[in-house]
């Protein structure tokens, strides 16, 4: 089980900020593939990976990163702070 | 007649902030030569021109600048504001 | 570092920051304000990722400490609902010398903009829009490659 | 622009400056403080050339306006007798975008340092010394050649 978090328009498209996901995905990309297969709203939110960023256990990383023992994976658009 | 002003250590070495000078110098350099010829304190203050800056009528310029109708010539070390 | 929804007073923060340092000669501050682009902004909503925000900012500040000779560094970033003219965030750096204070503040801004987990949404008469990141913001980071 | 012997409040100046602009997104400020280099500074005396100071600063500010897209620019510089920790001067710039505000403030500082007619003297237990200009300050100006 891993906590999956969504922020900004990713949160809005998927329709929730956080969920627990049962997964055996080895990488973030595999998790994305599992989520896209679930429902249309996930497929839409993850349709263009290049428009997204991912953090594993609160550290920015790449989509080919391993999930390992991670407890929290977050998806969001590029940051626009400052 | 031209007003000649001195600032910072140039003022201290020459011993006054301002004086009126009767001169027929065509350039700043010629004025400097006239002043150096006056007294030791002027010769000391102007001994190293590279350590000095000059403004003619409140505009920074070079030592070979013409004096023309200038009313005020100021000598000082490089600025250290800010 | 402060991450908060409450407003803050940039002038008071600047004065407190400036007087806290030992042997400080130069203080640079940056404040980011909510712009009313088309005279129609109702509000700006800033979302963030609480569990990640502080550590992301801390890592950026740490990097600035390593690169420049700083006396102190300050980051304040608001989240929640803001209006045109409100102060979104503030960065301040102090150093003996101005070049370090300027470079570090500039660096902090570039990294906070693209690496700290904040997202801005603009609410206008026409609707709501998430602010898009700019290619220029991402490109700005390459200035600091070494 | 203000050239004055009286102290001023940088925080209050920053707040007034930030709230004066229309559609401002970014404000950068620089404040220069009197450093007590060897724990022995009695006072710093800043001499200036009154007839030239304001026009020299105005020319530098004018150049910044031409180079960058600014909403506003502020320069305050003190003269007279100051003590360790006192604020010597302040520059602030505002713009829609942070890059312009940063570059213009950095530029203003480089030019004020070497082109505005101010001279600093440090009075310590050991005596009085005029602060010498640094080659680095003169070199910094070449960053802005174009």
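Read from first to last, the chains carry the letters A, B, C and D; within each, the first residue is number 1.
Quick note on the criterion: a contact is a pair of C-beta atoms (placed from the backbone, for glycine too) under 8 Å apart; a residue touches a chain by one contact, two chains touch by 3 or more.
Computed from a predicted model, the values in this text were never measured in an experiment.
Setting subunit C aside while every other chain stays in place, the touching chains sort into these groups: A | B, D. For this pair, subunit A with subunit D, the centres built from the Cα atoms lie 48 Å apart.
Centroid to centroid, with C-alpha atoms defining each point, subunit C and subunit D lie 23 Å apart.
Counting partners per residue, subunit A has 82 as the residues that reach two or more other chains. For subunit C, the set of residues that touch two or more other chains comprises 32, 98, 109, 113. Of all possible chain pairings, those that touch are A-C, B-D, C-D. Across the complex, subunit A meets subunit C through its residues 5, 7-9, 11, 55, 58-60, 72, 74, 76-82. Across the interface of their complex, subunit A is touched by residues 32, 46-49, 51-52, 55-56, 77, 88-89, 109, 112-121, 130-133, 138 of subunit C.
By the touch criterion given at the top, residues 9-15, 18-19, 23-37, 85, 87, 96, 98-99, 101-102, 105-106, 109, 113, 140 of subunit C touch subunit D in their complex.
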